[in-house]
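Order of writing sets the labels: A, B, C and D. Residues in every chain begin at 1.
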Amino acid sequence: MPDPKASAVLLISSPDQRGLVARITDFVFRRNGNILHSDEHIDDEAGLFLMRIEWDLAGFALGRDEIRHAFEPLAQELKLNWELRFSDEVPRSAILVSKYDHCLYDILFRHRSGELKADFRVIISNHPDLRHLAEYFGIEFLVVPVTKETKAAQEALIITELRRQEIEFIVLARYMQILTADFVNAYPNRIINIHHSFLPAFAGSQPYHQAHRRGVKLIGATSHYVTADLDAGPIIEQDVVRVSHRDSVESLVRKGRDLEKVVLARAVRLHLENRVLVYGNKTVVFD
Amino acid sequence: MPDPKASAVLLISSPDQRGLVARITDFVFRRNGNILHSDEHIDDEAGLFLMRIEWDLAGFALGRDEIRHAFEPLAQELKLNWELRFSDEVPRSAILVSKYDHCLYDILFRHRSGELKADFRVIISNHPDLRHLAEYFGIEFLVVPVTKETKAAQEALIITELRRQEIEFIVLARYMQILTADFVNAYPNRIINIHHSFLPAFAGSQPYHQAHRRGVKLIGATSHYVTADLDAGPIIEQDVVRVSHRDSVESLVRKGRDLEKVVLARAVRLHLENRVLVYGNKTVVFD
Amino acid sequence: MPDPKASAVLLISSPDQRGLVARITDFVFRRNGNILHSDEHIDDEAGLFLMRIEWDLAGFALGRDEIRHAFEPLAQELKLNWELRFSDEVPRSAILVSKYDHCLYDILFRHRSGELKADFRVIISNHPDLRHLAEYFGIEFLVVPVTKETKAAQEALIITELRRQEIEFIVLARYMQILTADFVNAYPNRIINIHHSFLPAFAGSQPYHQAHRRGVKLIGATSHYVTADLDAGPIIEQDVVRVSHRDSVESLVRKGRDLEKVVLARAVRLHLENRVLVYGNKTVVFD
Amino acid sequence: MPDPKASAVLLISSPDQRGLVARITDFVFRRNGNILHSDEHIDDEAGLFLMRIEWDLAGFALGRDEIRHAFEPLAQELKLNWELRFSDEVPRSAILVSKYDHCLYDILFRHRSGELKADFRVIISNHPDLRHLAEYFGIEFLVVPVTKETKAAQEALIITELRRQEIEFIVLARYMQILTADFVNAYPNRIINIHHSFLPAFAGSQPYHQAHRRGVKLIGATSHYVTADLDAGPIIEQDVVRVSHRDSVESLVRKGRDLEKVVLARAVRLHLENRVLVYGNKTVVFD
């Protein structure tokens, strides 16, 4: 059932030209839309205009189905790439996880507290260890073990399951398997990963070990959309915490867990609130 | 001589109503303005609409003198409070300082490097100690000593001098005298102070001593517009740094100096770029 | 059963004098102790010496029971206040909570993951809401409702229960009741509270509302030992997060939850690892 | 003239064994030394013991010249690598700089304010631009232009000058030339550089451009001892600041300047206070 307080969001990118803000806000205003948020960014180098505009559906002259149709001519005239979203349309979502539980429970608790507007349908893991968490939160838990030999087949199985459940959004909550390009390309800008380093430093495996060896004075975490290049997708959010020579690899892991949770949760929330616009290999985050 | 790359900025506040963004951006668009930045904020509690819009003057249909006249009818219709600024109109400015040199030299270096678009005409101090800095940077230095008995007269003298020089903006770079309400009211939202604590904690004198006594684990600095209430004006910027039991009052002072410089400089820059809008006792910072 | 890898910790405070470090480390060395950590602090103003020394019990010449007896003469000679702890002696602990679940589940997950070496025996709440969490983690849950009229009696009931269970350490995980001086004095430096502001700013009730009204640019959280003075006990840990005019009270609450969890967890861990030494109204945190 | 309040500092590293802290502090205590600071670190992986101990020279039984002789037998017995420093022995120092002035003036102001205990004898630059700064602070300024062809000869000239002036410590305050291995090896752990990225991310040239291209959400700065491997020496200090899609390369540069200044100044101060111990390619920072 639609939320009576729902809002519409347009995410727009296009070559820059005069009048874009005026023309787009005018479209909303003339149909009696109350603008709740409007922000735009111009990337001078790329000559790109990027915009997010959100308005109340209450009192708006058009029904949800009519908006798309009404906006299309303006979009064609102005050469806009655009996506229309509604704040109460909650994407069917999945979480992939291995054995570490901290990101999983963090996401699930935030979801239960109302912080994350996703519809988590299934948790898929290559290990059975975290079933109890899924059960506590009442979400389906699927174990798909992966070995070197079975990897391709098992990934196909996962994709089949995601399709069957019509999953639109996937969170990798410390899933310790690298997804194939096929998998990734099936969900463009729809898979968010948490990497436990301040990318591009310490990409790949064992970043805390790498950080310890290098003797850095801060460690970080990075959430990003997954692309076919490992740990190289568009960054949504990063943060760091201070460490010192006193920190063993174990205490880096402990400190890092807190970072990973917060950085992943922020990225997931920003995505779910339709605040992230990807262009090239970068993001605009309209917060 | 006007800068050919100059831009116009409108800072607007008004009771919230539908269509404000559309009507205002439309005003700019119809006169061939290229919008460089547009951001607005709605304070739901106060029912207030607050907006900053900046556009290129190059190619704009109106001359600088005509903009005000042309905008007035729209502003009256929409009941807007508004200020019009031009990016190349640099305010005549003064710095008040006592004996500490760190904020003064920091402001002056940033100014010389082009980071701060102010026209610093005079540095006024109640002590002669920092004359050498003023001389190095080629700015007039005025000593106005203050004692309990002479305070009123000396402050009058400072105001006279500021008026004579047509000063529009004042930075208190660790000026250790409390200004009277008369002084403050003569420059509403035109005097920026740096207080060496995380306000509202440790207002008043000797905040580092207060912080040391209380045993806090972070110390802060706060830049704010000066109002008649001591250390209670609208906050523009704050930051903190970690401290521990190892820090004596002296090391708090040392760590705090770095905070004070950065926090004051950020506030001054934001003000000079017309990015700060005051309402009630709060600020909207359009960064 | 004692842990074969256990260590002993001495927490010492005394008037400062020459030779304290040498004499104390010598005590450990002569009995074949391998020092794992030794740190001291001298508070010049107070003329106080504060020290933490930790050594391996494996290979140490004295049994646990003998250490106290052997150290007493030296302590008397040097006029030391001292406490002896063993890393594997895990205190019987209780959590007091009201309706907010974020700090409670955070503590319980960290505990389960091995991050917090406490023996949580009971969770006491003035509301039944969080029983499901206690059950999931298998910890006793006791509801002790409090009204203005029943407050004294109900607090007595809580104390009786804590005594019966021989509780040594208490975490207030957003417990929304003020404890009486009698309660607090029964557990000196044994009750840790989380306050959702950067103390001493915004003590008392509704700190996020206070912060929003004041228009601060950072919000904080503070964990401290509870004393008879509300929100004025020795601070163990603080942290902050950046906010802006865009943040409503609701989003301050959301951002603040992440701070509260992390700041409380750090303080509880530091306490449980015997790293916090209280003197006057301040703490030395030997991290 | 020696400072009557001077202290002695021992920086020690050695294979770990029992009794090191006790034996070393006992050495100081038996000669009537008042220990001001003592901290040690054990690197379990490397099996290394690292220690800093500082004590008052006032009242100490040995003269400065005698300490070395008296400590030698103990050091041999315990197989210690050690360095003895005195807090009032201020190293003859040089600054190498190119055209950017922000790190240079920051270092010089901190030095003048007493924050940095170095004896800056000469500023050497490959450009004449910053002569005025050197003159304002009364320090010799030497221009040694460098081209591809003259690089080797000019570097030899710089080394000759540094030797002539008996320079012991060198700060690279954004010196835009890569030093040869010969130069670097002549001053092991005696040259501190500031790199304008969060190393190991964005080593090499134009780190702000690299950061902008990658779309990171934080930028950093790193101070490190210079080794023959570019940007790969032992890290002393790092810090970061938040950025967003709104930041152009120019604003990354502006924000980065504040980081560079603070991070370099912290590293220089830590070095000058004999608080940094290098082992392998890492540092222990005894703050």
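Definition applied: a residue touches a chain if its C-beta (ideal position, glycine included) is under 8 Å from a C-beta of that chain, and two chains touch if they have at least 3 such contacts.
Just so you know, these numbers come straight off a predicted model, no measurement behind them.
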| item | value |
| --- | --- |
| Chains contacting each of chain A and chain D, listed by label | B, C |
| Remotest chain, chain D as reference, centres from CA atoms | A |
| Whole-Å separation of chain centres (CA-atom averages), chain B against chain C | 42 |
| Computed distance of Cα centres, chain D from chain B, in Å | 36 |
| Contacts with 2+ other chains: residues of chain D | 246 |
| Contact graph of the chains (line, ring, star, complete, other) | complete |
| Complex interface listing, chain D residues touching chain C | 18-19, 21-23, 25-26, 28-30, 32-36, 38-40, 42, 242 |
| Touching residues (chain side chain A, partner chain C) in the complex | 101-102, 105, 109, 113, 115, 136, 246, 254, 258, 262, 265, 287 |
| Touching residues (chain side chain A, partner chain D) in the complex | 41, 43-44, 50, 198-202, 214-218, 220, 234-240, 244-246, 248, 281-285 |
